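Going in written order, the chains are labelled A, B, C, D, E and F, and every chain counts its residues from 1.
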Amino acid sequence: RELAQFLEGENAKARVQQTVHSLTDSCWDKCISKVNNKLERGEEACLANCVERFLDTSVFIVKRLESLRGSGGM
Amino acid sequence: RELAQFLEGENAKARVQQTVHSLTDSCWDKCISKVNNKLERGEEACLANCVERFLDTSVFIVKRLESLRGSGGM
Amino acid sequence: RELAQFLEGENAKARVQQTVHSLTDSCWDKCISKVNNKLERGEEACLANCVERFLDTSVFIVKRLESLRGSGGM
Amino acid sequence: KVRGELALANAQELINKINEKCYDKCVPKPGARLESGEQACLSKCMDRYMEAWNVVSRAYVGRIQRESANQYGGGM
Amino acid sequence: KVRGELALANAQELINKINEKCYDKCVPKPGARLESGEQACLSKCMDRYMEAWNVVSRAYVGRIQRESANQYGGGM
Amino acid sequence: KVRGELALANAQELINKINEKCYDKCVPKPGARLESGEQACLSKCMDRYMEAWNVVSRAYVGRIQRESANQYGGGM
């Protein structure tokens, strides 16, 4: 049972890491055009905002789908 | 046996839906540049043609491969 | 035991073919802009170099990661 | 239960695609919050994507049906 | 049988890639039918893609062989 | 052992992504060897990609934590 819990935790960790890989992939394309000697302040802010807005978008879509479904729009 | 048939049918449905997702993905890029208040007539025709021509292309490639193989060209 | 060896060999072959598919995909985009009546000399050289440099890049990254890890840089 | 899982997987995949495509189109420069203009764009984009999905689905299923009907008639 | 499945999977993947790459290149604006110019483009594109696959395959397998030979000789 | 495999898979995926992204950016026209300018670009690109990975990871994990904390407080 502790093993099951341990494995469940490791699974969750793997899913988080997979999401981080996929977000880094797409936010890199959105925020980094030229490779500089360090990550510029604006690039760093863009990366963090890119993650937050992507998740906001996800929440927005799911909520809107639910409201459309509720109003019989779908 | 009826269960097997049912599952087979569900599998086929899942494959069809997966193809629809992947076709929508690529035809969206080909046919929709700007997001408008409704799907324009031209965009809708483009989407339907995009599906048909993609499948034509698939048939074309397979037939040509077979004819190349038959003529010893491959 | 011979079966296991045979299957292992087939697995290795499948991995090689998968890598060839993925390299052809990305090197095609890098080296072929217009489809001509034959593969131009420059295109063919570009494709072969594309494979070699991609693998060099892979070796370069792994070695650098190891040296960063060794020097406590990571 | 299998049927429910299939519908769920389908909805999940649709949400993922909309998220990817519409985020790219509507939020090119992510800022400190989702602006109202970005939200309006997301709503429109989402509606258009679902319509596109329906058009593609009809075209694809229609083609499959025509081809299976043709198997018993003329050539393809 | 395993060998046959492998060859089949390989051919299937090649067809999928050709379909994707050449459809993109040769049919940028899908119309009511595959025009003859589009078909000519598809034929050429298909031939070039298969040649490219062969060049890439030779380069990759050659590199693997050189590197395994080097393991028993000098450095990499 | 599971933990080690997870770390390994994570490192492997990071290497694959760096390889793909930085090869694209730094070696647009592959020549007969990796030029020193290309190598310098690869080093920088690799450092930036790992930093970006860390920024994204912090932002994502931070968001998850804030949202799970909010579940027991106000709305989302």
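Basically, a contact is a pair of C-beta atoms (placed from the backbone, for glycine too) under 8 Å apart; a residue touches a chain by one contact, two chains touch by 3 or more.
Everything numeric in this text was worked out from a predicted model, so none of it was measured.
Peer 1: According to the touch definition, list the chains common to the neighbour sets of chain A and chain D.
Peer 2: none
Peer 1: Based on CA centres, what chain would you say lies at the far end from chain E?
Peer 2: A
Peer 1: Farthest from chain D by Cα centre, which chain is it? Let me know.
Peer 2: Of all the other chains, the one whose centre lies farthest from chain D is C.
Peer 1: If you average the Cα atoms of chain C and of chain E to get two centres, how far apart are those centres in Å?
Peer 2: Spacing between the chain centres: roughly 13 Å.
Peer 1: Please report how many Å separate the Cα centroid of chain C from that of chain F, as a whole number.
Peer 2: Whole-Å distance between the two chain centres: 20.
Peer 1: Quick one: chain A and chain C, Cα centre-to-centre, how many Å?
Peer 2: 29
Peer 1: Residue numbers in chain A touching 2 or more other chains?
Peer 2: Residues 50, 52 of chain A touch two or more partner chains.
Peer 1: Would you mind listing the residues of chain E that make contact with two or more other chains?
Peer 2: 22, 26
Peer 1: Given which chains touch which, is the overall layout a line, a ring, a star, complete, or other?
Peer 2: Its topology is that of a ring.
Peer 1: Beginning with chain B and continuing through chain E, what order do the ring chains follow?
Peer 2: Following the touches around from chain B to chain E and onward: B, E, C, F, A, D.
Peer 1: Can you tell me which positions in chain A touch chain F when the two form their complex?
Peer 2: The contact residues of chain A facing chain F are 6-7, 10, 13-14, 16-21, 23-25, 27-28, 31-32, 35-39, 43-44, 47-48, 50-52, 55, 59.
Peer 1: Using the touch definition from the top, list the residues of chain A that touch chain D in their complex.
Peer 2: 26, 30, 46, 49-50, 52-54, 56-58, 60-62, 64-65, 74
Peer 1: In the complex, go through chain F and note every residue touching chain C.
Peer 2: 11, 15, 18-20, 22-24, 26-34, 38-39, 42-43, 46, 50
Peer 1: Hey, which residues of chain D end up touching chain B in the complex?
Peer 2: Residue list for chain D touching chain B: 2-3, 6, 9-10, 13-14, 17, 21-22, 25-26, 41, 44-45, 48-49, 51-53, 55-61, 63-64, 76.
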